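The first chain written gets the first letter, and so on, giving A, B, C, D and E; residue counts start at 1 in each chain.
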Amino acid sequence: MNLDVLIASAVDGLLIGFVYGVAAMGLTLIFGVMDVINLAHGPLIAIGMFGVYEIFTYVGMNPYLALIIVAVVGLAVGVLVYFVAVHRVIDAPPLSSLLSTFSVNMMIIGVGTAILTTSAYNVDFSLPSLDTGPITVTGTRLAAALIAVGVTALLYAFLYRTRSGKYIRAVANNRQAAELMGIPSTRILALAFGIGTMLAMTAGGLIATILPINILAGGTYELKSFVIVVLGGLGNPLGALVGGLILGLIEGLVPVFMKTTWVPVLEFGLFILILLVMPQGLFGRKES
Amino acid sequence: MALLEVKDLTSGYGELQILWGMNLEVEQGKLTALVGSNGAGKTTLLRAIVGQLFPWQGTVTFDGRDVSKLRPYTKAELGLIMVPEGRQLFTDMTVQENLEMGATPKHSRIHMDRNLAKVFDLFPRLRERAKQTAGTMSGGEQQMLAVARGIMSEPKILIIDELSLGLAPVLTLDLFQALRRLQREEGTTILLVEQNVRMALKVSDYAYVVSEGKVDFHGPSSEVENNPAVREAYLGI
Amino acid sequence: MILHVENVTKQFGGLTAVDNVTFSLEGGEILGLIGPNGAGKTTLFNCINGVYTPTSGRVVFRDEDITGKRTYDIARRGMARTHQIVRPLNDLTVRENVIVGACYGREGLSLHAATEVAEDVIEFVGLTDRVEMLAGSLNVAQKKRLEMARALAANPYLLLLDEVLAGLNTSEVTSMLDTIRQIRDRGITIIMIEHIMHAIMNLSDRIIVLNYGEMIADGLPDEVAQNPQVIEAYLGDEDLAAKILEEERS
Amino acid sequence: MKRFTGLLLSVLAVIVLAVIPLISGKASTREAMFTILMAIALASSLNMLLGYTGYVSFGHIVFFGVGGYAGFYTLTVLGWNLWLSMLVGGATAALLAYLLGKSILRLRGAYFALATIGVNEAMRALVNNMDFLGGPIGMTMKFSVYNEYGGAANALWLVYWVLSGIALLVVIVSYLVKRSKFGLGLMAIREDEDAAEVMGVRAPSAKTWSYVLSAVFPGLIGMLFFFKNGNIEPGDAFRLHLSIELIVMVMLGGFGTVLGPVLGAGVYQQLRKLLLTSPVFKNIQLAVAGVLLLLIILFIPTGAVGWLRRRFPRLRRVLE
Amino acid sequence: MPYVGTRSTWLLLVPHKPKPTELDGNIELFCIKEGTVRRTYVWTALLLVLALVMAACGGTSGTTETTAAPNTTAAPGTTAASGTTAAPSGEMKTLKIGFTTSITGKYNTESTRQDNGLQLWMDDVNAAGGITLSDGTVLKFEAVSYDDESNKDRVQELYTKLATDDDADFLISPYSSGLTAASAVIAEQYGKVMITTGAASDSVYTQGYTGVYQVYTPSSRYLTSSVDLLGSLDPSAKKIAFVYENSNFSTGVAEAAKAYAESNGYEVVLYEGYDPDTQDFSAFINKIEASGPDAILGGGHFQDGSAFARQLYEKKIPVKFVSLLVAPPEPSFSELGDAAVGVAGPSQWEPLVKFTEDAAMAAGADWIGLTGDEFVAEYQAAYGEEPSYHAAGGYAAGLLLQYAIQKADSTDADAIKAALDATNLMTFFGDLKFDTSPDHHGLQIGHDMVVVQWQKADGGLQKQIVWPESGATAAPLYPLGQ
């Protein structure tokens, strides 16, 4: 074991960690605003993956431009999912929203498998690698991480600088009070679900630029998102980014010291531990 | 004609009826107090007025328009604003942001800066704490912020539920003074629910006394204050 | 002495909800606990029956220090309570609700014995015709009676009643007051939080007044009613109101 | 007698399903019923936690997997017989549930649900690293093992009857729990845990025991299932999807009732089979199932039995 | 897009995307008004169902080669005689072949191709007038199949149904070793002959089954040829890193290959598995780099294998030889572009492989069926894509069965088992021969893997056969230059 491997692994882990973070932000934003754990998160990520793939492959558009289209579509998809599956169960016990979002999961996977099969697809696109002595950073990964940072910055600018963003935070914080102030809560909830979906699909699109994809691949990221969200504190988007980085680091560094197959054991072990000893996550969460 | 008129209103939760035919009128520019024992239905009435609860029967008329079936956010847009019991602030947001959220109705949004200056003038302490997270402030400051947030909406009528609840007397004084100023200087109509009966009757122009979901009696505040029946009903002595 | 509360203080973050409260209670008494909204009455109840652990101080119940014990342990020692906001077990029937109280109460009855006790108690509170109904479908007055029945079914030594009269209409209040008296006559000690003054003044043997978490009065109903501090807490400071008007004039 | 009608209906349903293969005499019927009875037993077990105590375990299949692994290990590696191995499977699952009960049952609502998912995934990953359990390859059983039970054909019938017995037992236990003081305590916890504690219900231990109870049977069944399959792999043993399907079954039939999971499991499995083999839907069966699930959640959230009970209060006596 | 057949589905579905009117409905939802909530819900629910039904219809008309359920695809020209017992001897008889495919779930791709290959064989044999036995009985075939959803829950139920209700005469395995293991229990129990394809793991054939026969080269010999190839190319390359998928199949392959490599004097510098759904290999790649191997062997399935290859390329790992399981033989591996160049992999079969009747004669083996070129052409015509080895395996499974029936001159299971035991056959797929020892009965011992490698040709990429030397179509690209 030498230092180069350690550094290289840490860098790789962190880069992918940013992308994990974006995916998890989508999940945590939705939970934070409406206390719904979106079990359709994985398939929505997968839609994002295939969005970029299809646009890149059949329109020939640059995948990073395609990402913008995917994000916009994501917003619409999210709003649709909200009204179809979530709105009616928003105040029901958690089991209802868990199952209703899971039903969306089944629909997407069912239709997706029929159309796309479960084959793997690749976005055949690459950027020059960055070679700095011991560490080689692949271009697409670096770009994905940078975009992830950009997305996070945009999300924060949106949530903290725009009126709609503040409405989302207000509704998350106290829905009834928000209504009393004239904030149309239904529309804001739909918007929040839309943005959560947008983040999930954007993350999916980013993943498509670096890794092969298939319709079931979103499931992996959904589970990772759960871990991250718990690490960062349910309902805390910035915590999700940091949680993503931590998960990325674990995935990067643990294999240096032991067999890679121990990574999920550690991840989920940590997940349970955090839930037990500090359910508010490492960085706090919204007040309940 | 009264700015807000509640007519034969009945409502409740689920199968449970709380309001049994409420009648109430709030005159333009007046400070009207609503007093009554715990469980008399005051908060339920306010919730029905702002639309958090649908009326079963009867009507709520505001500014000459039947608003009985509108959602709270639509009513807020019309200028019907409530400062709810227990403050209900956006505790994770800063004081400034809470105030900005108050300026949601379109007519108030364009005057946001002016109104900000106004509420900071009214509650100088909020100016000092503008960047502080609302949840970290003391109860009194939070109540100030709740009222200030309501004012930011440029309400035609400001409904306040339990203004002094759990507050130290000094702060209560500040808040009542602010309300009086608002009423006198801006001509804002105010409907106030207050457990501090004596105080409420002192500062208000007109008062309604409710019990068991109905209005027991009403009249100019001074009359109500001097009515021995009120003392009887409220202290049992 | 059935209950002794000694220097109990409960803080939430910076807020002191109950501030150094001390009192004792003899068996068979009805103790009224009054004070303005937010004065800390329910918090005090929660400290007594173990929902909260007091920040400092101790609670002695029947010569045993129960400070820090879990609510179910305290319940099984013979302390039952009702909630200010009713908490019926909605999807269970009235009978089942009461059986839970009897099964897990002081005597820990078997299901069979509990069923018999439940029938009695339900009749006592006057819910016999609702016995098969789901608790969630009762109206508020019935739910309050149900809460009472559940607590009674436990056959407690001490019963904590949190605003059982609130939300009831005049006739319901009257019948509830009768019920409470009958409970006392059964030898059960009661502490009750109440806002309806004439009711509590009539019913209580003794009254404690809380304001901002502090105990400001402890005595017979008549004494307490004359106490200027109490009047001020309830009606507000007359001087204060005058001050506002004065300042406006100036 | 009247108080047993609720039980009778459920027991009868299980018995009728169980003897159908005897009447038809066909192994294929037996296999079809095996699928249904297994679902019934698993769903009813889950219902004792989900329906009675109100805790949503999303990773309940972990007990099926752990029981399967423990039993398979004693059977194939240590050479114990099927019955002993089944008991080992059940006991291991119960032990795990007990330990988990002491820890994660502190969490409520969505947090508990998330934690159970974590437990399942952690366990799968752990087994993957356990060389003595065959790691990712899992373990296989020689075909000749069936000879000890009268050859493969007999063994499969035997397994079937044992499973039917377990299914029946689960339903009876489920009824007895519901009708017991213990069960009443659980339902009090479901309705309002804090209020239940105030009434004297020892929630922490009651919850733990209901968790253990709901884990024992999946442990037994896990062993039985993998014995029948002849091999076990981590991916098959800890399949999260199956876990969620179980919740759907319980919800479909009506959670918190004895009959609900029986009905839900039966209907769900038949429906899936219908969709799987339907020329119109088979390519899209998952999506169709999703739509149906959504409609149920949105319009009859209490499930079929729950809906009947609400709609016709008189049926409350019959539909337990 | 590796799968042209499905593309049409996608296109079919496009018109079903929400039309403007439907969208209006949703926009209306957005400005939801109180009181209309319930109605709008019923509306959306209906819409959803409608959309799905349409999608379903699109799906079936687009993708399915196999149709109605139970999937009885009657042979062209044959009236699907129900049941086999009714047919008097000397007459025509339709044999049922039962199996499950993974229409849904993770094995969907491979399984569908396997199914395609089998169907193609059935069409061919039926079109040729079936098999005529010496007593004059004409045998034709029909398929009965179900979706096993890529998981074990129902495999036994479905195979029991196939063996009893549907009274299938012969069984073909599902795809994957795990599902095959579960189905073998049933096949054996009912004394049905089951030809396995797409189930390479050795363990299935050590359970003591007597009627289960493997078409694929078992996993223990998957990568050994790659080791041989490396040895022939560069005797100085001595360090191998094994990085393999942690699944039943790949772990079996890696274990056997590691033992083989070590016995041939190689140093195994890294031996580690990764989880089946791994997509990011950077951790491994850093480890590989640190261990400094000459060659990397391993992989698992298509998805992870292609990801691994791509990331190896992007990270510019200085390694001389890479051979991965499953992924490189897939035509769509070329989507990786430059990252695919030089990557080798073992394949059960390749279109370029030429087994001929002459070769069979020379080897003293029987020959049956069509040539490789004919198979490729037929498959292309039927499914619009180049056949993968899964497809060829499906066809070969059918051929094997056909051969055994002819050889046994009977449909009796025992006679067929005897014929299979004695098989010494060559087909377009290669040699087929079975271990008949009780401990490994049914294990494939005749068939050999070839090693393919992607090479640059005419500005594009081409898959070449580089091993065995006798069948090579190009010289191996070695060492991989960066």
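One rule holds for everything that comes next: a contact is a pair of C-beta atoms (placed from the backbone, for glycine too) under 8 Å apart; a residue touches a chain by one contact, two chains touch by 3 or more.
For clarity, every value in this text was computed on a predicted model and none was experimentally measured.
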Shortest contact path, chain A to chain E, counted in steps: 1
Identity of the chain that, by mean CA position, is farthest from chain A: C
Selected interface, A-B versus A-D, where C-beta contact pairs are more numerous: A-D
Chain whose mean Cα position lies farthest from chain D: B
Euclidean distance of C-alpha centroids - chain B vs chain D, Å: 54
Distance from chain E to chain C - Cα centre to Cα centre, in angstrom: 73
Whole-Å separation of chain centres (CA-atom averages), chain A against chain C: 49
Centre-to-centre distance between chain E and chain D (centres being mean Cα positions), rounded to whole Å: 34
Junction residues of chain D - those touching two or more other chains: 125, 128, 136, 283-288, 291, 294, 298
In chain A, residues with contacts to at least two other chains: 84, 88, 107, 110-111, 113-114, 259, 261, 263-264
Sequence positions of chain E contacting 2 or more other chains: 41, 45, 48, 52, 55-56, 59, 63, 104, 246, 273, 275
Chain C residues within the chain B interface of the complex: 14-15, 36-38, 137, 139-140, 163, 166-170, 195-201, 212, 225, 231, 234-238, 240-245, 247-248
Interface residues, chain D side, partner chain C - complex: 179-181, 184-185, 187-188, 190-192, 194-203, 256, 313, 316
Partner chain D, residues of chain C touching it in the complex: 49, 51, 70-72, 75-76, 80-81, 83, 87-92, 96, 99-101, 103-106, 108, 110-111, 114, 132, 150, 154
In the complex with chain D, residue positions of chain E that touch it: 41, 45, 48-49, 52-53, 55-57, 59-60, 63-64, 67-70, 103-104, 146-147, 149, 151-157, 160-161, 163-165, 178, 181-182, 184-185, 188-190, 203-204, 206-209, 246-248, 251-252, 273, 275-276
In the complex, chain E residues that touch chain A: 1-3, 6, 9-10, 13, 26, 29-32, 37, 40-41, 44-45, 48, 52, 55-56, 59, 63, 104-109, 112, 246, 272-275, 277-280, 282-284, 286-287, 289-290, 302-303, 306-307, 310-311, 314-316, 332, 335-337
